[in-house]
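Each of the next two complexes has chain A plus one other chain: chain B in the first, chain C in the second.
After this line comes the complex of A and B, so read on.
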């Protein structure tokens, strides 16, 4: 067995790689499902919704984020379609007036200050720039929560970026010459 | 967007404090602590180890008996110019001077707690967290969500209520304006001062009361000879009060206040 050492070495490398690539994320991330099986695509196509129909700014400029149940109940007081997902949503949340416990992919640490309106209105950024093109997504991806930090593994939808990191914010600000001080984005 | 921000001239926020109007009540210290989530003093905390971003010092003219006169001087971070001593000594780049506002910012998450900045600061305006912040049960509900609390082992200081600047800026953008309305951005200490001793505003805008106060003949800055270019201007009609501007320490006595 001339190549025995090589084979054992290769097997060891493969085992370690497998454990690292496939096993480690399962250990470090806990996967949760969103409470409601929601399709952005159906809302965009059938109801003609735009992003800001539901994800709106308040009068003082703050961003309301995920809409509250009132917004959903406005249309879904009774079933509008025939899907199981909609029936479940109405039975579990709309009828008992219970807010779904949405898991927010973009949740940031408490020392981060982020103003949506500054980016959207003054920076003229499209929602897709950071969130990906959610109008065409049919399901909500599972929420992978870092067991140590408690934050989501991904800010959902953005291709090629593992998470909403400070590096990503700084890269864009630096490119636009809008990088002034730490307290621009921290509080 | 970039062109727009280049058109907007940089602000230089500062204060003009009338020492003759300050009666030493300490409202500014309380309002600051509430606004900026500064915890109540831990048992055993002293003037040196407690936390307060603004401290009212008591000074006197050194005379005895009927001739003795006292004055009160609120001292906070003096928001030095671009050569702030705390910035150049920080090994973590946890302190910076915002070129857009002139505010000296402290980043507690970057701070490693070496306290070089406290040694470098000629104004004793920086404070170290010797203990974990703790609030009495129920009081955590009164915390300000616009300011993140600091942890044990880091330095903190006044940042001109930066959370209020963020709120004012968001409001300006919502209203389609490029600049914030000065009425929307007033630090807590200025708002709380019952005798109107503190004015806050953009020193680059000659029309503000702050800029006018800074140009008064009675106006002085602390330890101006050090060349730190502070943005807190004091004023007093009394010579012996103005002399503190060149004293090695800003005070001979301290209020018996917490922290």
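After this line comes the complex of A and C, so read on.
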């Protein structure tokens, strides 16, 4: 056959593209479900919660991150709805006073220092700028953990969420003319 | 249809080409790099609630107040409380994990060896005098009939806030000279004139930089002194006299007299003061002896305390004082880089922020102060405590000396204690001894403001009538030294300051391109630095900012052993 060589080569290309784009992510990322099927949307719409009601700053300016069980128990001492997710939350965590082991999509390496209060209060950045539209989601996306590095897939920007890599930080700082030194983040 | 070997290769080639257009290879490269960042042994701060703890930085006599953000017991970042910290202080929480750190040493063997020979002639060399442990050494040496040796101490303290014009002759005023917070706070109120051979960081930030020919700092000081004494007029001397109060700082012996003539004496230049010391200590302490005053070959056992060393004495000045036969040298050090190279026993010590020690007054500390470096990290087992080691030789207990000193300060009932957590100043007389001690050990500073001791006359430093520069045709360069670094610097900071050319690496020298060309040296070349005192192996940086005829040297003990600022030197290819 005249084009046999080209066809074989193209088959190799297509196989690699398929494996690389479809198969590789399934192999490299391990998918974990969050301990609680939490809806940001319900909390924002029905309870009128704002981001900083739960993801608050402490009195000393440090960021509390994911709220502790105490914060949830303040409203959910008993079930407030009839969903299975809420029943599970009450039974598994609130009643036995067990902290849910939340998986943090934005977890950065240990050698990175990041001040939320500086970016939110002084830089006037909206939460969505880095975390995407997490606050309007109805379910928490699965946590995809890289099997080799251990980091969340979201760090590199995924499924419409912005990247949270050093390059992304540097690009934003450069755009805002706020380039300082390595020690700003790597203390 | 049968597949040939050629088909397999074509398919594989296509697969490789296709793979390059998928995330797989790039992801694997990044992942491999990230995986390598998480190897075992890398310090990993615990996650959890962050709380603040306070201490005082013990890396240099500035003793800056430190706020440490800690997760559990682990400090994860350090910051200044009143003003900033220097870059070394900012990264000091890395020091306990420094790869070059000494962690083991034969403490008991060294103790037995010293005890056996102490009666022959023992001395302690304290490179950071003015601390409470310095008194322990002095008391122990009095009991053992030994000598307490210290570098020439600072005879004066400077109140920069009272100066309107400051002339710095080669002093790194804005680069580690005093307490950063004090210097920066006072900086806006004075005009700074920096006179030195290289455009240092202080020169860059000064209002005026006067470039001097290398090695002419002393002649420059003499010229100003001559003008102030009515000799040949000088524009600079007139400016200093007319825009006072003026202060001149630097190493030239003419400077105290210049300051006296400028009227700085008593206004800006005052006597350094020490926090109260128990009478029983002062009564039973050995005198402070300068190394130069010790007879040659008279020391049989030398103990060297290198912890937070404020200065370095070249080994060629120490060696002649040691006994000819089998002298025993024991050093308390954090690394093998200093006197450990010459010592029989190098005993590991705690490093800041594991250290419990008070901090000697800084050069710009005009009031008596007492600050304790409180440990933020528990030191590992197997470290030597220099105070207890020396105290035990004399049969004295030293473990409670800091508390005894604090009680003495409290007994005097003077001054106030500033607690960093709430920025509150409380008069000492309103506190119980326990509350005073608690305030000091939770991050605080005792100060007796207003207790300003005026010097009646300039300290007697003999001034040679004429400058007699060392001349040597075979040593064509004049050494200029960079400001010193602490003995132990965070590896992160070492990497940053060397890559950004902020400081030379400890074993590096920098030459002007013309001098490098003349010596047939290129950037990064291995070379030998030679002076009258000896030679050492260095690496060369070629830098047009170094003036021709000069060699800018780093601050490693190896270089300091052979090369002091202003000496003639030569750099030759290794």
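Keep in mind that, in the parts below, the second predicted complex is superposed on the first by the 178 of 187 C-alpha atoms of A that agree within 3 Å, B and C clash if a C-alpha of one lies under 4 Å from a C-alpha of the other, contacts with A are read in each partner's own complex, and residues count from 1 in each chain.
Rule of thumb we're sticking to: a residue touches a chain if its C-beta (ideal position, glycine included) is under 8 Å from a C-beta of that chain, and two chains touch if they have at least 3 such contacts.
Keep in mind that what you see is a predicted model, and the values were worked out from it rather than measured.
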Fit or clash between chain C and chain B when superposed on chain A: clash
First (chain B), second (chain C), both or neither touched by A:146: second
Which superposed partner A:122 touches (first chain B, second chain C, both, neither): first
Of chain B and chain C, the chain that contacts the larger number of chain A residues: C
Steric overlap of chain C with chain B in the superposed model, located at which of 20-28, 110-118, 272-280 or 326-334: 326-334
Interface residues of chain A shared between complexes with chain B and chain C: 60, 62, 110-111, 113, 182-183, 186-187
For the chain A and chain B complex, residues of the former touching the latter: 57, 59-62, 110-111, 113, 115, 117-118, 121-124, 176-178, 180-184, 186-187
Parts of chain C lying in touch with chain A, wherever the complex brings them together: 1, 6-7, 10-19, 21-24, 27-28, 30-32, 34-35, 37-38, 42, 44-45, 50, 52, 69, 76-78, 87, 90-91, 492, 496
Sites on chain A touched by chain C in the complex: 1, 4-5, 8-17, 19-21, 24-25, 28, 60, 62, 109-111, 113, 146, 148-151, 182-183, 186-187
Contact set on chain B toward chain A in their complex: 1-2, 4-5, 94, 96-101, 103, 105, 107-110, 146-148, 159, 162-163, 166, 169-171, 173-176, 178
